[in-house]
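Consider the two complexes below, in which subunit A is the common component and subunit B and subunit C are the respective partners.
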Partner chain A sequence: MLVHSRAGKRATWAVFLLLFVPLFAVPLLVILAASLATHWSGAFPSGPTVERYAAATSGDSLQALTTSLATALAASVLALTLGGWAALAAASLRSRGRRLLDALFILPVAVPSVVVGLAVLVAYSRPPVLLNGTRWIVILAHTVLVTAFAHQSVAAAVRRLDPMYEQAAAGLGASPARVLWRVKLPLLLPSLTSAVGLCFALSMGELSATMMLYPPDWTPLPVQIFAATDRGSLFTGAALAVVLMTSTLLVLAAVSRIRTRASYR
Partner chain B sequence: MTATAATAATTAPARSRTVPAWVWALPPVAVLALAFLYPLVLVGRQSVTPDDGGGVSLDPYADVFASEVFRDALTTTVWLAAGSTVGCLVLGFALALVIAFVPFPGGRTVARFVDVFLSFPSFLITLALLFVYGSVGMANGLWTDVTGAADGPFHFLTTPWGVLLAEITFFTPFVMRPLLAAFSQLDTGQLEVASSLGAGPARIIRQVILPEALPALAAGGSLVLVMCLNEFGIVLFTGAKDVTTLPMLVYSKAILESDYPAACVVAVVNIALSVGLYSLYRVVSRRAGA
Partner chain C sequence: MNPGTAPGGIRFDGVTVAYGGTVVLDRLDLTVEPGEFMALLGPSGSGKTTALRAVAGFVRPAAGRVFLGGRDVTALPPHRRGIGMVVQSYALFPHLKVKDNVAFGLKAHRTPKAEIPGRVTEALELVGMAAYAERHPRELSGGQQQRVAIARALAIRPGVLLLDEPLSALDARLRSGMLAELARLHRELPDVSILYVTHDQVEALTLADRIAVMDRSRLQDCGTPEELYRRPRTEFTASFVGNANLLPVTVTGEGAVRLGDRPLGVLAETGTAAAGATATLCVRPHLVGLGDGPNALTGSVTEVQWRGSTHRVHADVDGHRVMADLRELREPPAIGDPVTLHYATEDAVLLPAGAGAGAGDPTEAGP
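For the complex of A and B:
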């Protein structure tokens, strides 16, 4: 609809592919190819094998996958509750309070995740609350890290909401609770689902804070991948990465099925 | 999970006649304070408490600021982040524009594919680049096969340029995602009207799409700037001795050297830098009308 001539469209698509394929598709394909190879010393990988997948879906690696899924689920639900609540509460405040609340909840994005890991480690390795060495310290750190993203996307969507809808509903006699439940939340649903998808994906891939504080019995998949590649098993790392990407993709696909008429395209 | 947030927030406006609105903002703020602000305060306190038990002192700061490693890390971090952000904004805007407004078969798959990129642990990009441009990777393999030379021409992976390429690749989707969301809410009728009134594609982009996209560009750009300042996985994985950034320094001081006061000093500097730049960016982008 922006470019009308056939030649113009073709040229645009060609430029798009020229940028997109080497930058984004090739790395993905390379990881996929490497996960199926035994060695790679020339232009192409050689020695096809599926053995790495057998190893990547059993024992420690399987446990790492379930650990990652559980952590990401817990963190994204907690983050959506916390961030979404704050965004909706901020919307009913005056502009100064709203700006303060927004700034407060965006702060975890600005703080490096390594530092969040360090801070949580320093704070919860001492009384009164001793979480160091438990899975809860990992879930806590992940929740802190992704809450900002949940808050940011819900807050942006709340700002974009056309106030006409809620005013019309309120004018027709709906209580504020009913306006929120029947008007605002359905309109916000695309943002809420995309927020939860983003949080889940980020938590699944989180490495920096996790590296600072994971206990031996709660090793998420990214740490497992790092451990494999760090000891030189690049191909095992690639197979684990494919497992991670596939499981994240499956969850994202499930989340994106929740759609409403609120989005045009 | 939507329901949880919903029930929590449903009651907020309902009782606002009896309870002031700010009371409903207190529970999330309290949780955030306990989980995030309190730990940050402790990091600040640790940074002025040397291990030798001499009470409060600024010695850790003096020691860290005097070290060559720290000053190198600081400059490297800043220019890498700035360069990556510019690259991501340009590339992300161009790609999102094509996906949204010059639709092609499979465009939705591409958009979905971009989402998957967000779920990559960032260091996987470096891993992939090792297979592509590494000393025994694809590009060098092709070169030696074709020319018969013993060695390929690509050696930039362990330099800052390798990190820059990895960061642009990894963070561009963070610009594209909010842009695609903004584009999906843009009524295409506006484009048709502008077009039928005789505006060319360049003018439509400049006068119709860009104003709509500015908030998303500002949001995506500021996010990427700060995420690049804070990036850890990519640098860790590059394994280059001469590319040390601030987050990398925090990790090596705390976990490898167990020097917590020094780690906390670097952490405080990194926080000041990231939060400072981020606030500046937000103020500027608000002034710009975003």
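For the complex of A and C:
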């Protein structure tokens, strides 16, 4: 601990709470309160109800949740496969090639996601690859958006990996494929799971590109939240938001359990 | 290939390795016989690790060939060479238990499943680690990890075992224990050729059947430890393998030289230089005695170091420094005292002048 005196510690905590509570805690608590409210005219909401949660976890809303989960799962697995593969391959390139590949993969992050959405829409609205109006165009856009993060976190982990493991394995007679599956990937597992968790969370919350692309039968939850608040049903939107938040957190918690079991040192 | 019968023996045939125009290994010719323990000894940057990596297949020679058991392996990738290798950092796979680390090479070589547990136990017993089979590497000490790394390399019964500074990460006490272990392993594996890279002359002198001395990307000298120690052929070898007094002398005849105006004797068959030529006289500090005698060197004491069982006395003799390791003196001389040292003629060898480099201050290197 950097601060030793008792008064100093108290002051540090006070500053932390002063910054943390209004910035992070209050908005989330307000959402939670609003999701349980029937009216909110004074300083505090009134009439606690769980009715909205009944609605938020059935019918269209339930479908939107499963749509979001399916999209996020597909996009994060695809992103990890593509981004991780590229990161592993880049490790054997010379530094110039590696920098070029890094730059290519970071591009979708530098481009605003609305632009990515529009670009995907324009590109795949006509044959030969006609994806517009299908769920695949949403999954594709999400994959494009999150692959950069998968690539970055796997690339960083690959750089940290001691090359001696690879050489020791090859020296013991392991073919490159065996080195990859039995040594490198197990050692990278913590970074791979954290990459997949990050991609999943980003995809669950993606709205701006999705808005430009989603077909009527593939409406992810953020779009529903936006639609609800847009037509003035603030409390319904709040309940949906809490559902989105909770389901994302549950998945991340499950992923982090794998990660803790996969950390060896 | 069948790992059970991997033949021993390594041959370097003019192996040159260069990184981006810088030659790090220059035309190495060296043969390690089946069953022989060869130490590659040299300072850092001398090319010794590069030579080992060329055998393992991690560097591709720019010229020359590498043979393992008579087979040209220059173009083979590392996993096809059937070698056992232990690296400096051990590189035990942290996600695998000790027994799975040892089984790794066996599985990679497609050893029949039924044989693997027996071979794993056998390899672990060889290094005294059979009781630790179920542990993870992180639960082991440095010395234990080292043993497991050796067991892992030996499990595939390689004909060639490559050891890259295997003891440098251990503390002094563990190191001397492992020295004895390695010597025992070498006795118990009479068919395995061992190539042992080290910068530590004690390890090389203790373990090796022969030592190849490397410096500045080149092989400088090669011979048995006794040969290199008693009859070094270059100044570099003399100063790197043990300590040495190196004195610039002028040859006056067979077995006779002059240091300034002082006539001295050397072992006759070591000097081939003609009379009048300059050469370097080499005599080990522990073979220099105190007091008058044959080949007397008079001068003044410049430094006295007490080393427990010995005193090392540095003397200035006509502007040249001479060291003597003397059994602990009851009354050591004081700095500035006049002193006379001597050596027996058969203990001095004659080397070509200035053939080696880095011979300037060999005093702090070793025992």
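Everything that follows uses one rule, which is that the second predicted complex is superposed on the first by the 231 of 265 C-alpha atoms of A that agree within 3 Å, B and C clash if a C-alpha of one lies under 4 Å from a C-alpha of the other, contacts with A are read in each partner's own complex, and residues count from 1 in each chain.
Just so we're on the same page, a residue touches a chain if its C-beta (ideal position, glycine included) is under 8 Å from a C-beta of that chain, and two chains touch if they have at least 3 such contacts.
Everything quoted here is computed from the prediction, not taken from an experiment.
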Subunit B versus subunit C as contact partner of A:6, first or second or both or neither: neither
Touched partner set for A:111, first subunit B, second subunit C, both or neither: first
First (subunit B), second (subunit C), both or neither touched by A:186: second
When both partners are placed on the shared chain, which of subunit B and subunit C touches more of subunit A: B
Partner chain in contact with A:96 - subunit B first, subunit C second, else both or neither: neither
First, second, both or neither for A:169, with subunit B first and subunit C second: second
Footprint overlap on subunit A, comparing subunit B with subunit C: 175-176, 189, 264-265
Complex interface listing, subunit A residues touching subunit B: 1-4, 8-9, 12-13, 15-16, 19-20, 23-28, 30-31, 33-34, 40-44, 76-77, 80-86, 88-90, 92-93, 97, 101, 104-116, 118-124, 140, 143-144, 147, 152, 156, 160, 175-177, 179-181, 185, 189, 192-194, 196-198, 201-202, 204-208, 211-212, 222, 225-226, 229, 234, 237-238, 241, 244-245, 248-249, 252-253, 256, 263-265
Parts of subunit C lying in touch with subunit A, wherever the complex brings them together: 3, 56-58, 77-80, 82-85, 87, 89, 91, 93-95, 104-105, 108-109, 136, 138, 152-153, 156, 162
Interface residues, subunit B side, partner subunit A - complex: 1-2, 4-6, 8-14, 16, 21-22, 24-25, 27-29, 31-32, 35-36, 38-40, 42-43, 46, 91, 94-95, 97-104, 110, 112-125, 127-132, 136-138, 141-142, 144-145, 168-169, 172, 177-178, 181, 183-185, 187-188, 191-192, 195, 201, 204-205, 215, 219, 223, 226-227, 229-230, 232-233, 236-237, 246-247, 250-251, 254-255, 260, 263-264, 267, 270-271, 274-275, 278-279
Sites on subunit A touched by subunit C in the complex: 162, 164-165, 167-176, 178, 182-183, 186-187, 189, 264-265
